[in-house]
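Following this line, the structures themselves.
Shared between the two complexes below is chain A, which pairs with chain B and chain C, respectively.
== the complex of A and B ==
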């Protein structure tokens, strides 16, 4: 049905978008209209709503203009509190990739060991179970105190939150490699190292990639909050700064960009995951 | 006593009971031998311990007692001397057909160049008729083709002995027949020593020189050793023209249906598991049944001149 009309779904998406933007437009215009029609009501809800109603909640046109501004000039730098959104996103992405990369370097080998050895698994399990549910932001004060550098602390927070999904998925993937495949390697007298790289790793790769995808998703969620706390640079700091400036159009633009970058990270990892997936 | 190529002596396997209960003895006192170039099949009911025996022979599992001696040396741990064809083919799904075979070949001859490894692997894949499917992934192959890759992989390392665990169990009758013929031709050409598990009586008669009959577990035993006395150059198309065929077949079916449970516990007082009787039901007037002392009346023993002898006569 939808198969022979591939344009149907995108068309419907456009319709949804148009409806949403239309409603948004109407909603923001009515607030402004009501101020003129009913000054008594304006007095009732307060001066802020009456005068700020228009500027506090921008319509789609205002946001589009702001977006265009960001897109055409993303990399300007006019001091600490006024950098282009491209620069801010770049800082956030760099932190996420660094923290995520370090976590992968720790989690995948460690997960391998845990998955291969039931003893190590049982020994480390209580630690993992306790550490895993801790909100990564709870580490922030400790990180700031010990590391004394807000930038490194943010990376550390990303490291911590990326660690667990990769660790657990790697261990699970390695531990559930089919017995038959390991027996094949054993009967062929394949060395342990070769077995690890040529049997266990490819067998567990899809599960490991799923863990990495979850990790990068969480890391991108956490970076915004972390940057709101540590300040300085990054998209999270940008959002917080624009909140202080009461520039809602900027905030909405930033939210859109955060979503776009998150989607990009996710699809990249999904594509990598598909590359290592095998059909049984 | 002559030295056999493979000698299984007093083999036993016990699994720890649930929550420290009585251990489960799958089998004990298993004695048999296989000579070089011989094709031995083992048949028995599901769960009697056939796979467990094969795993011990492969070195994948450790026996709880007894020993397996191959070529004068005791088996401990897996080795390239024994090629295994697994029941579920066990191909590595992320590797192509060719790479699956090369995986073993490279391990067998680590000094070989990539070219040599490939040429050797291709040769064995062509032998099982898969020359056209070298670069297909296992998921793109039919069940029969997958099983043939498994066979090529096991043959390609040129093991001293081949172990097959119900290699054709999952195949339809037609495919099964074709691959049986292929296996038969390869084995006849290479004089490979084979130990194979099967549920299929006809398959056993077609392929085997001797068939080990395993009684039901727990405490399973080798009840009898049936010698297939038909000439070696049998084919699937002509085998049932031989009058021996039906005599052997009846004997095997009779065992599976009527007698396989008679060997439990003390019932088989007259049965010496160290020397399971060797019978040749194919020969004229051959012993159809080796009567057990206690359960003799169970199936009608109409053996007039018994031709059974003993394993290590």
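== the complex of A and C ==
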């Protein structure tokens, strides 16, 4: 049914969006204030406080205006602590890619070794099992204390959180390569190195790519929190700075951008993953 | 040069790796020697200028010197003209800076006004420094970044340099506090629903927030509660919450109130979630709050940079003291790059004409003030409170720690140099809620409290 009408799903998405924005608008509609205060006092407080209420959640209109501001001027630089959202996202992406890249450099070869040798697998397993469930942010104070550099600490946290999914998936992928293929390689007297690169790697590639995709997702989740802690630059810092100012409209805009970038990272790795899949 | 070195002297390096000119053992020594040389040259230049002024004709000068001798002439002229002072005055303005690009951390609150405003208003540049002021997420982070040397100097709460130096809450590292940033300028804010419960005796079960464990806010709130018979550990709960989260928590009804730095209090009023119950000056008028701090290593390894930086901050503080400048400062520090607050909020804090959250406009120009002098008695009081609430175990030498950390001598000299009036005595006695504090009897003071954890 859906095959006949490909426009139906996007249409439904739009309907959902419209309903959500409509509800949001209704929920945040400001009611006209009745309590009248001295105009001199009113000038000193926010619009909501002047009418006896609390400052309200911004409506869709306010957020759209803020969003437009960010989209039209994403790369401004007004000093150390005030940079455009494009620059902040750039810093975050750079940190994620750096930490993720380093983790891949460590996790994939190590995963290979672990996967190829059941002995090493059993020996390292307890460590992996203990280290894996630790929230990456729990490493932050330790990293700040030992590395003594907040930027490197943030990258380290990304490194440590992207390490485990890749390591485990690589080991699992390598360990579960079909015995037949390995036996064939052995019968043909292929060297161990060649077996690793030409038999095991292609066979385990889809599992490894899945691990990488999970890792990059986690890394992007963690970077926001890490940057809120260390400050300086990045989208996490931007969110923190706007929270400082209780500017919810800015925070919502930042959330949308975080989601968009996360989706882009995920789709990119999904594409790469599809490139290495094979049919048995 | 190495041909002239004694190869049997263990101090002599025969291989390269000394200083750039090759005459000193290290680059640091080379720079010290160069600075001394520069100073000697300066002194000569001053003497030359004085002699030229006294003897416009060189013939006369030479005859005079021949007649009385160089040494006598110098002594005679020194009595007429304060040569030593002139040399000092000349040296003050020069002194080669060891480092000009500095990074200074701050927390976005009005206490940091002098550190922040020195950037947009050009005080750092005036002393030849290129300072980057970096906004930081919280007190623990600013402490760690300062300890990690990511910041050359930092805005801290005045108890923090003491805590760092004695190793409370972190490993002991000699830290210094060359200047107080601000005095007063804090407040107790309560949620609007408590507007009829103004007596602290009714506050049992309240949940309070303070910015940090080692803060004046914590000690003042505890002091205030205890003076009203409320035990701050048993009758209420006090937790540390970063300032930006305070208003959000008050709004969400997670806390009943806080003793916080501004602009947080005024922001709670601005957003209609709280009212200002009491300004901290009503607890202790003239209490210190935040501090400009640096490691002892920075102070001793880069004395000229440290002095230039401190002078820039003292200069900014002097400007911030004048009520007529406050509006200009508010506009300079309110933007996103610094405090990231509406200008009116910052202006109300700095001018002291503010909405209290209950519909009144209060006028108190002393709401926040700026006095950089780090009185040693302030440090002693803070240490007594750390002791009182169990943050320090065992005995400490109050006066010695105070003198080591609060650099009153440097502040006196540099305040004079930027034209401020330093107090004559680095120890002053004061009153906190009507109770006199005698800095010479700290232990007796701790023992005099009924509610304490010792």
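Simple rule for what comes next: the second predicted complex is superposed on the first by the 253 of 280 C-alpha atoms of A that agree within 3 Å, B and C clash if a C-alpha of one lies under 4 Å from a C-alpha of the other, contacts with A are read in each partner's own complex, and residues count from 1 in each chain.
Just so it is clear, a contact is a pair of C-beta atoms (placed from the backbone, for glycine too) under 8 Å apart; a residue touches a chain by one contact, two chains touch by 3 or more.
These numbers were taken from a predicted model, which means no experiment stands behind them.
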Kindly classify A:231 by the partners it touches after superposition: chain B alone (first), chain C alone (second), both, or neither? second
Could you say whether A:255 touches chain B, chain C, both of them, or neither, answering first, second, both or neither? neither
So in the superposed three-chain picture, is A:198 touching just chain B, just chain C, both, or none of them (first/second/both/neither)? first
What is the contact status of A:188 with respect to chain B (first) and chain C (second): first, second, both, or neither? first
Now for A:150: first (chain B), second (chain C), both, or neither, which partner does it touch? second
Does chain A have more residues touched by chain B or by chain C? C
Can A:278 be said to touch chain B (first), chain C (second), both, or neither? first
Show me the chain A residues, by the header's touch rule, that chain B contacts in one structure and chain C contacts in the other. none
Touching chain A in the complex, chain C uses residues 108, 132-137, 141, 144-145, 147-150, 243-245, 247-248, 251, 267, 269-273, 335-338, 340-342, 344, 348, 354-355, 357, 359-361
Okay, in this complex, where on chain A does chain B touch? 178, 180-181, 183-184, 186-190, 194, 198-199, 202-203, 276, 278-280
If you look only at chain B, which of its residues touch chain A in the complex? 58-60, 78-80, 82-84, 86, 88, 90, 92-94, 103-104, 107-108, 137-139, 157
Which residues of chain A touch chain C in the complex? 37-38, 40-41, 43-46, 48-49, 52-55, 78-82, 141, 144-145, 148-150, 228-232, 237, 240-246
